[in-house]
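Right, I'll just put the structure down here and ask away after.
Letters are used for the chains, namely A, B, C and D, taken in the order the chains are written, and counting of residues starts over at 1 for each.
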Amino acid sequence: MNHRTYEKDGVSVLELKGTITLGAGDVTMRDVIKDLLGKEKKSIVVDLGEVSFMDSTGLGELVAAYTTARHQGATLKLANLTKKTKDLLSITQLAAVFESYDSLGEAIGSFR
Amino acid sequence: MNHRTYEKDGVSVLELKGTITLGAGDVTMRDVIKDLLGKEKKSIVVDLGEVSFMDSTGLGELVAAYTTARHQGATLKLANLTKKTKDLLSITQLAAVFESYDSLGEAIGSFR
Amino acid sequence: MTLADPTLNAGKGTSLTQSRPETLRISIRVHSHLKYTDLFHAVLAQVALEIPIPADRMDWVALALREAVNNAVLHGNKKEPGKWIEVEMVGTPDAFTMTVWDEGTGFNTSKLCDPRDPENLLKPNGRGIFLIRQFTDKVQFVRDADGRFGLVMTVNLAQRVSKEEPE
Amino acid sequence: MTLADPTLNAGKGTSLTQSRPETLRISIRVHSHLKYTDLFHAVLAQVALEIPIPADRMDWVALALREAVNNAVLHGNKKEPGKWIEVEMVGTPDAFTMTVWDEGTGFNTSKLCDPRDPENLLKPNGRGIFLIRQFTDKVQFVRDADGRFGLVMTVNLAQRVSKEEPE
């Protein structure tokens, strides 16, 4: 997993790339989210547009990020889901948990 | 194996690309050489610069091309050998059989 | 259990799912490390060039394999790197079968929770076996003569049979 | 010879070359087709991520494997697609061993010509075994209990021992 974080219109964007699988990454999604929350960020969008492969651990990381954010009064939304990620969220019924948007712009705009 | 033939300064150049291995190619080097000889070409350079992998069948094809050419009064030379191809020719002592040049220009020039 | 016995690297358990002659059989035995999950995935990608797994199912079949391998390392062999896992892939004209063996005690599959239940939906774990069941056509749990635990996943090739949703 | 017997997919012959404990064992059995040569090559490339085969030797080790597989299909199994070949790869801390099994009768290895001899130099064939001998550290010919013929190629890992040139 590669990642990059930046700020846009007051929203923190976490851009993920590659495979989000067990053992593949050195840094976990959870760590990055904790870091953002530690900096008092309250609006977070995870951009999944470049994620090629996700396993159950990746899904678990997303869920953990979501609940951790919520417990700290922050909001985490998803953007740019690929067909495969959409299928995975829908099969696991996590699609009902996450607020997700087809584009990053829409996701950022939704915080206004 | 991919290949391309063209004429330059009265010399026929056979440019080979990729892997020259058993079963990998649809067209064999032998067929292409036969085609050139059928067209009465007498000066042939095989450009091996883009050959990434060659096995004993590939070496055998080179040898067969060489002897077929010679039997028909044509001359076949090699150009642009990679380190690996050089090693392979040297180990099999085929380096002594083939006239080979570091560049295509030198190989073509040698026919003058 | 004598893992040094070479006869152990055999197609045990797969007889369950074999009806037509094999066209391909791969068996890979490695020490228990998560890093090998990528190796198995890469081998599967190569196998898919020879076995007609429908292209639109390939990523999901690979996901099932990864989940099963990760479970074998983490739960089956409890992260003990001296233990072994083995993956067998067998192709027949009708089906492609992947079996993941570990040295653990197995588990009570009837006790598995549905990760879609409201009380489980926000748990970070517990989706592996569920995904395996979703993305393969048959899942069996077996134990071989040497006490190894095996998860057998079958992908139908000839025609895709409609499968019941796990409830 | 009962190739349907699952116990056949076993590490026969490799005991010859095994001195230290295995860290990885792969065994791939497929029908006799030249198209599988690429599959084995790709698997070897994956294995090389786990077994410390020196980078500068990798292409040559792969070449040795390809030659052995092609020979098994063409000479050993005489292009009969119903027959089987099997490739085993075993890693230990000291060595990486590849064994290629076929269902043929084997051959008289002492009768092999040196392809570098002047009378052979312009022959299109006869360089496969020679290259295998050049690019691996030990080559053995074995026969297992079921009558299969195996070519065992060993690559030393710990330190490269100097080898004699085949004369």
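Note that a residue touches a chain if its C-beta (ideal position, glycine included) is under 8 Å from a C-beta of that chain, and two chains touch if they have at least 3 such contacts.
Treat the numbers as computed from the prediction; the structure is a model and nothing was measured.
Counted as hops between touching chains, the shortest connection from chain B to chain C is 2. As a whole-number value, the distance joining the C-alpha centres of chain A and chain D reads 48 Å.
Centroid to centroid, with C-alpha atoms defining each point, chain B and chain D lie 29 Å apart.
Multi-chain contact residues of chain C (touching two or more other chains) are listed as 35, 38. Every pair of chains meeting the contact definition is listed here: A-C, B-D, C-D.
Those residues of chain D that touch chain B in the complex are listed here as 34-35, 37-38, 59, 62-63, 66-67, 70, 115-116, 121-125, 127-128, 130-131, 134. Residues 21-24, 53, 55-57, 59-61, 63-64, 66-67, 84, 88, 91-94, 96-97 of chain A touch chain C in their complex.
On chain C, the positions that touch chain D within their shared complex are 6-12, 14-15, 22-31, 35-36, 38-39, 42-43, 46-47, 49-50.
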